């Protein structure tokens, strides 16, 4: 009963978290805007969205994984490997849809392996995906070597990351589409409800006749595919595929965004929309400190402190 | 010291969570050698009161005194040091640690540098075991013990404190009859040694068997205090649930029985067995009847019904549904055969506590709310509203988190989740554990309504009063075997008790 | 029981690994390889043993790599900029590690942050602090100045034990690095702390069932903070060993060490569910990872393939642990059935 | 395009380099260093096969090209086994690999140290075991067989000079930097800052932000800096990837031609970008050649009679470099591009 009481507090905390974060975000925006008016220019604001697109896509796609009590540390190397897969498909002269599919397939495949091991062998996700981090990075380095693979004269492919449509970078549209799709999936499909149910009480979901293992596997596949999509955009943006892209720390940025959005790393309640708030929070912090030319040491200290304060604020309100 | 001076005394205790007053203005005393029953419906404030007395919760107002001395509030260690021990309703043991370590959790005897004096610890524990005539392997991890034994460890934990007051929160909730008797013997022995005891239970029999005085709570307030000898059962029930509900509860017993319902056999089990668990179980379940399986905890009723639903598998025997062999491998295939299953532990296996009532009600019927690849929230809400009306879930708010409902209303939601599928066969495992009297009556009414609509209902229950109230037919399980089945109208409670006890000697 | 059994299995696996490489990898079974293993992985073992404590209280410490970097830079500054003598630096370094670790615990206990996210935040903050105080940036000349304080560099001393007891005449004995003995000392200390003291019991209780521990009067908050402080102290010891080995500290020192330590701890049977583990497992886990990497390198397996193999072994280790748990559960079920009858 | 100082070292290096190549052919070479103290140490190199390995910093185009150059020289000499090992950007991994190679009995270790001091004890240990160490790019404080270096500090000064010239001696520039933790980052940054001070005091460095060696991050960071400083005249990328990220931004914003971008390294992608008129310039070093020189020295060391422990002071081979711009990039042959 005491446990129930504690959980109840956390539950309320999770409901208040988005407000605390939104308030914190507003405060930070005001601080940056006052100290550097250029922060609020439309160019910079569009820049922020463009900058967070890659982490944002990965974070929205990882939200479900974390809601089911899992985590995916392997997204960084997946990003690299999918870029390489797309590059090789391009080299082979495949049409663009096939190229994109090749990249996505690699990510989905890694996600599938993660998901199958986590769901069916019931091994701890943090270790499974840590192992996979190592395995996928090794594979990427074997496949791609240390060389940069330049993507030249592929206007269609390059459009994904660098093109503009109605004045906005095309990557923003992809990000928005993925975000909307994931929000739709969460709010308007059985899968979304089922993910929440599994996070809340896996056993009860099983006894309600749901296919838990299948759902869990699917959630990792989505996460892998999301990381792969991010990898395609990145390789298109930099006209290069490289095995070392998505270095150590990428996965932590993604997880930080999800958790800042109020999803508990232990699973349970969570929301894609709130994850987006977390993504933008981190994006604004990074952008603002870059625009103020804050040195890297202070940037890192401030980032850590801001995460702590934002989350503590959310917990305090409970 | 005056023997009549209270050993533990709470004065003007109150606790509010947000706007909700969980406890208001409670005065509470326990004297040495007194066994005081604390009863009330779920949500009446018993647990809050207990938690304040153990220091687990900080009261919003009021004071606690131990032998006339003001005690620190919200400090579990301080209360333990002052001789207040508690046996909680839910297990409070560290499963990976040994029995020995659990008994002395947090206060192992130590030598210099905080090194645990294991020799002394073991000597004291063995002495304790001998004194209370309990047999248990001190080195086994607690998690590997059966539930009954785990409860004993909890009791040992309290005994090892040499506590002056022991608070027992539903100590017999999961115990079999023989174990209950042993526990009561222990309670009497403690009483004889001058220990004050607070005894919380839903089972009135126990209260009249072992308690001296009774404190009755309702809606966060203490509504009555009395000597047990000076009060009778109907009065207790009326005080607990209020006048209106009391009428419903007593009226519920006078219902017609329908053994073999419509006469149509829905489910037919022949010689079911699971190696090392149960065996040779045969029965027929008819449309339009309520068949109750009773027996001691550990008689494998739960294990049996799980295999019927498909969340476990049986090894031998055959199962037919509507006259056709059924191969049920998973909850999904169980559901495909029209079976619904309300598990025993609603918190761990039944409900999504942090999701709302509507979502929980829809959890087994998602396919009905599907529109193409999408889920229709509107359709879910409509179905939810209807179910809330039919089940009279209170408050009637589909958006409310299930966690915030009372135990009885949670249970109604859980039953309603399955009724939404109009199950042809509904299996319920201990459907009213931890549910107050009023809600119990409502759940019985819901079951009878489902029966009237032609469902075949299989209820597992340890509560004989419940079995005699609700059953059309009764099956008795002993050690994994179905030893007898009766028409409920043609058997007495005494006979069932004899049969249940028959296999355990 | 369980701890002892899985430890035995781990030890067996370690032995098999050593035997395999001794046969298959040229020059694996030599004194110098053993020496390399001891000196190159003693600090990994210490990090893994430290990491076990947060995991025991059902948390995780992602910041240990950053603490290694921070403590390393503190030692660098104190020694090279402020010329503080080594015997003063050593306790200060341990204190810094303890404080950094304790701060993690404070954030988790008092601000109710999830361990993963709290230590993720301090990972960034401690690394940033390392950059801030970096003597390499403040006094660029120091980038090529080694630390020469004997109290610090003395940690990287080798002892010819075989020679001193005369064994070297029979076989070629490795020289034992002091860091290895430090690791043994840390192991002994932590193992006693975990298994024989009230604090150790309280730690297991906190991780096994925090609510039960709280109601039993255990100061769960204090225990949690202490667990993270131990992790921080271990990171500081590891940092000292690394600084002694490299005679300098870089701003990036220790980055990524948390993942290796977590892997070693989990391979060593420390349960992520909390409350179960020993110090023996993580230490062996660290040396197992080291032996595999050295063995594969000696075999000439390309390093990118090694990464894949490391991942597979990690999977196999948790898979094996899972198998043990399943088997234990099955045994329990049978036992419970017996008891129920 | 010649190094502005260290001319003596450079000449000595070139001399040694040619001698090494010649010596490799002849099979004998009087290696540099004191001969004292080696008497009594057997010429340990009389073996059938020689083991050599290169411990790189982390997977990157530069060490990959070195490795290619090294292999080019070593492969034909059939008695040498060569492998590439990865330091994973961690000092402790490099040290552990050094230990392993020493106990494996390697003849020569090529090493791209992450830090000058941190690897010194390992180099000393290698020397004691008679293993020669050739460092690439980052020198070590412990004297060793040879050091073959791209000129980071003075190269960066020259970049600053060329960049200032291209900007007409005034304006604002931003540095797209790497995170601290490896020495070349410091040298390339400090050289640039000092170079600006010395040659173009009129140019102001308005931003110095970390972009993690990464093209995408560089795009993001420069975008942001441009929002704060719309009048920014140029950007210096501490490596070519980050410079190319800056080019991407300039292209997108239509600033090509007006916005000066310099990189550092001289990889193929950068040279092509210069030819296309996008990247203003970079410091080009023939990294293949650098690898070949190191390998040539290595073969001499491996087969020669000189013991590794003899080196009291190593020879430095300072690679010539070229500040490649549109004017001179054509002089870099296809075979010299990496």
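All chains are identified by letter, namely A, B, C and D, in their written order; residue positions are counted from 1 within each chain.
Everything below uses one rule, namely that a residue touches a chain if its C-beta (ideal position, glycine included) is under 8 Å from a C-beta of that chain, and two chains touch if they have at least 3 such contacts.
The structure displayed is predicted, hence computed values, not measured ones.
Asker: Could you tell me which chain lies farthest from subunit C when each chain's centre is the average position of its Cα atoms?
Answerer: Ranked by distance of C-alpha centres from subunit C, the top chain is B.
Asker: Based only on mean CA positions, could you tell me how far subunit B sits from subunit D in angstrom?
Answerer: Centre-to-centre distance between subunit B and subunit D: 73 Å.
Asker: Roughly how far is subunit A from subunit B, centre to centre by C-alpha average, rounded to an integer in Å?
Answerer: Centre-to-centre distance between subunit A and subunit B: 43 Å.
Asker: Any idea how many Å lie between the Cα centroids of subunit C and subunit D?
Answerer: Distance between chain centres, rounded to whole Å: 34 Å.
Asker: Using the touch rule from the top of the page, what residues of subunit D touch 2 or more other chains?
Answerer: 179-180
Asker: Residues of subunit C touching 2+ other chains?
Answerer: Within subunit C, residues 131, 134, 211, 214-215, 255-256, 302, 304 contact more than one other chain.
Asker: For subunit A, jot down the residues that touch at least 2 other chains.
Answerer: 2-3, 141, 295-296, 299
Asker: Pairwise, which chains touch?
Answerer: Every pair of chains meeting the touch criterion: A-B, A-C, A-D, B-C, C-D.
Asker: With touch defined as at the start, can you tell me which subunit D residues reach subunit A in the complex?
Answerer: 58-61, 63-64, 177, 179-180, 206-210, 212, 214-216, 219-221, 223-228, 230, 241, 244-245, 248, 252, 267-269
Asker: Please output the residues of subunit C touching subunit D within their complex, sorted ascending.
Answerer: The contact residues of subunit C facing subunit D are 26-27, 30, 32-33, 35-36, 39-41, 43, 131, 134, 136-137, 140, 143-146, 156, 242, 245-248, 250-253, 255-256, 290, 293-294, 297-298, 300, 302-304.
Asker: In the complex, go through subunit A and note every residue touching subunit B.
Answerer: The touching residues are 1-5, 7-8, 11, 187-190, 192-194, 196-197, 200-201, 203-211, 268-269.
Asker: Applying the document's contact rule, which stretches of subunit B touch subunit C when the two form their complex?
Answerer: That would be residues 54, 56, 76-78, 80-81, 86, 88, 91-97, 101, 105-108, 110, 113-116, 118, 141, 144-146, 149, 157, 276-277, 298, 300, 479-480 of subunit B.
Asker: What residues of subunit C sit close enough to touch subunit A in their complex?
Answerer: Interface residues on subunit C, with respect to subunit A: 60, 62, 107, 111-114, 116-118, 120-132, 134, 211, 214-215, 255-256, 259, 262-263, 266, 272, 302, 304-308, 310-312, 314-315, 318-319, 322.
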